[in-house]
Amino acid sequence: MKKFSKYLYLFVVFVFLYIPIFTLILYSFNKSTYSVAWKGWTWSWYTKLLANDSLIETAIHSLILAATSSTLATIIGTLTAIAIFRYRFFGKKLLSGLIYIVMMSPDIVMAISLLVLFLLIKIELGFWTLLLSHITFCLPFVIITLQARLSQLNKHLIEAAEDLGANEYQTLRYVLVPVLFPAIAAGWLLSFTLSMDDVIISFFVTGPQFEILPLKIYSLVRLGVKPEVNALCTIMFIFTFFVVMVSQFLIKEK
Amino acid sequence: MTPSKANWLKKASITTISLWLAIFVFIPTLLVIATSFLRVGENNFVIFSFTLDNYQKILDPVFFHVFFASCYLALITTFVCLLIGYPFAYLLTQFSPNIRRILLLLVIIPFWTSSLIRIYAIKILLLQIERSLRFFYPDVSILYTEMAVLIGLIYTMLPFMILPLFSTMEKLDRRLIEAAQDLGATPRQTFMRIILPLTIPGIIAGSMLVFLPVLGLFYVTDLLGGAKNIVIGNLIKNQFLVARNWPFASAASVFVIILMAMLIFVYIKSINRFGGSRHEKVQ
Amino acid sequence: MTQKIIELKNVSKSFGNDKVLHNINLDISNGEFLTLLGPSGCGKTTILRLIAGFENPSDGEIFLNGEKINAIPANKRNVCTVFQNYALFPHMNVFDNVAFGLRIKNLNAEEIKTKVDAVLKMVKLENFAQRKPHQLSGGQQQRVAIARAVVNDPLVLVLDEPLSALDYKLRKDMQIELKELQRRLGITFIFVTHDQEEALSMSDRIVILNNGNIEQIGSPQQIYEMPQSLFVAQFIGEANVLTGHIEEVQDDFIKVQIAQSCYQFHYTHSKLQKNDKVNVILRPEDLQIYLDNAEKTHCLSGKITNIVYKGATVDLRVALENDNVVTISEFFDDSRHQKFVVNQTIQIGWADGVEVILHDT
């Protein structure tokens, strides 16, 4: 009986976590346009989305932004994680602490700070400001994903490579990057989702010329519940779902 | 590990990240702090004269209400998430590693899903529930109440509480619990004296990950709360983009930064005090 | 004297304020099997890492083949390392692991293949070339690690507790294999271990380290039979330490007072003087036990406190009159040992010359 109540508790919490999402997915197939009542199945909202050129353009903007920012964040983040792992240097503890603080700090604080910076140095708000901001908030996640993998690594691996004559670059190229590859890929994927999903920071640092998907979704959901929006949100959720599955598979311990 | 011999890769990595954090985190934060002490000019620009007005304004009843209500909302959300999440995370640790991995994945997926989409999703559900209930009670209203906002926030933030709790509990050495029981502790005593103190860092980390973001989630109001339940995020957004009062928006932001600094301080203290168990793991 | 391959001259090493090596002087001859032995934290691994190039000395000089190598990084030294947990590259198969060093040197593919195949054959892994490290047993991984190092024709091979991860039986086999390999290759092995038995059975010479100082350097026999310090005596094998002081010093013998009795030893030690405190070291296997007061010159009386049967041998613990406890190890002989019981008063004797007398400092 006690065991049963434990399972029931877990079950109820999982239902709470997933029922809204399933409702969203279900209603993205609802024929009814205005009412929340169920009127039968349809694909039409999805086909409508695909026919919406401005939406597609926005999505392409977002994909470009996410791919660029996550790639750059992954490169910088990987090198940082490796540097923290293998070298002794001045301010190492401070740097690691700062990375955690950046990860913990609420989006609204980072948003305001970056906007003040961009306005002050007079960069035009748009792609570049979005890119710089997205790299900034993705960095700690890449670094921490990499650090989790590095902490399981045999520290002598690097020494073994050096011992066999490899220089810094060769050690990185032939040993560290291949060994860390799953974690690097996972870091990239997580950055990609973060970038695709971010609303708060993007809202502040975006400009009128470069519209991106999460902000588009924000402007749509403000207008109320609509089946096209349900379909769009469903696509976004499924996208996140797959990315998380793949990244978890990549970083799972051997 | 060739000491003394500086190499370009090390230099390049450390320089890049240090510059990046300096330019995009450290300097901007200083700028916000500086701005919070300035005055607003006529053309919606700042005037470089020192003032504490912006902080005094936080105490102005109109704005103070927002700060107070916002913190109150965040506090309740944190508390309820902890109440639901703590036993949940503990139960997760009881499963065999394979099942645990799957169940954990089910928490990680919402963790990574955009909170905007999740708030929108719960809005749809609440709409459904409201519609069904109105069938019986025509006057009932769920959406655009404080309750709706709270449910939405709890729903969105719950994974952020569960994951840090789970990771501290997973590190908890099972043998400590067995040792306590072996020494005659009742389940209640075992919990109060062993499990709870050792999971305090997780509780604080989880609370931090719930409390702080809630203050900034300005779209909750847009989706669930109507105009009544606004958080600091809404205030900052309006002051910055609509009222163009940068100094006051900055002061509000500094307020959040100070809260964050305090929570981080408490977190570090708790790790130093209660986090010792991790080092005692025998191989 | 054979050629010196490695020389350490007044080498010190500190990590922050923590000085882990104090003025180490050590010459290593070409082709010898040298073991660095000591308890954990004694500095043995640090010496190894200094030789391999993973650390630089804080002070002093290191020479490899007569050339000063203080500032030469690990990847430019002709010294190869076998790491404690092997540190095989997990993403490469056995062949690629072994070929790594040769590829870094840009050898052509044919040459690499010939060399790698030859060395894999030598460690009996020619059929495992395509396996990944995690598909190998501990002993096989160990062999890959050795192959990966020796394929580069190093002047010196350093091994950091390479056998510690293996189980007892496999460790014994690998000890013999390693020793044979070293003889066949003719290169210098510097071996780090905390296992004294391993050190005694494999080494040409042993360096005993304690707290960052060299306690003694010598052949296994010298180390065991002629320990120069109490630490060495107690670290290597078991040692009974009897405390006493010098009663009389003569040209060809000394008299030592232990407990209430006085003992005469044929011993000439220029430094010992009357009234000096000394420790008399006696190995358990050098002691015999007697029921009666036989007319032995070296005889102590005491009470048996414990008898421990160990299969081939039996250990008897005896409390002496001055409360010192002595262990005696004898080959087990049923008819002889059934005469002894706990609490029995017995006599302990030993042959002249087996004792080591150390000045108590």
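Residue numbering begins at 1 within each chain, and the chains themselves are lettered A, B and C in the order written.
Everything that follows uses one rule, which is that contacts are C-beta pairs under 8 Å (C-beta built on N, C-alpha and C of every residue); 3 or more make two chains touch, one makes a residue touch a chain.
Keep in mind that what you see is a predicted model, and the values were worked out from it rather than measured.
Summarising the inter-chain contacts, the pair of chains with the most C-beta pairs in contact is A-B.
Chain centres here are C-alpha means, and the one lying farthest from chain B is C. Between chain A and chain C the centroid-to-centroid distance comes to 55 Å (mean Cα coordinates, whole Å). Put simply, the C-alpha centre of chain A and that of chain B have 17 angstrom between them.
In chain A, 159, 162 are the positions where the chain touches two or more neighbouring chains simultaneously. Of all residues in chain B, those touching 2 or more other chains are 1-3, listed in ascending order. Chain contacts: chain C has residues 53-54, 73-75 touching two or more partner chains.
The residues of chain C lying in touch with chain A in their complex are 52-54, 73-76, 79-81, 83-85, 87-91, 100-101, 104-105, 134, 148-149, 152.
The touching residues of chain A, counted against chain B in their complex, run 6, 9-10, 13-14, 16-21, 23-24, 27, 36-37, 76, 79-80, 82-83, 86-89, 91, 95, 98-99, 101-102, 104-117, 120, 132-133, 135-136, 139, 158-159, 162, 168-169, 172, 190, 193, 196-200, 203-204, 214, 217-218, 221-222, 225, 229-230, 233, 236-237, 240-241, 243-245, 248, 252. Of all residues in chain A, only 154, 156-157, 159-167, 170, 174-175, 178-179, 181, 254 touch chain C in the complex they form. Put simply, chain B touches chain A in their complex at residues 1-3, 7-10, 12-14, 16-18, 20-21, 23-29, 31-32, 35, 84, 87-88, 91-92, 94, 101, 103, 105-110, 112-118, 120-125, 127-128, 131, 155, 158-159, 208-209, 212-213, 215-219, 222-223, 232-233, 236-237, 240-241, 246, 249-250, 253, 256-257, 260, 264.
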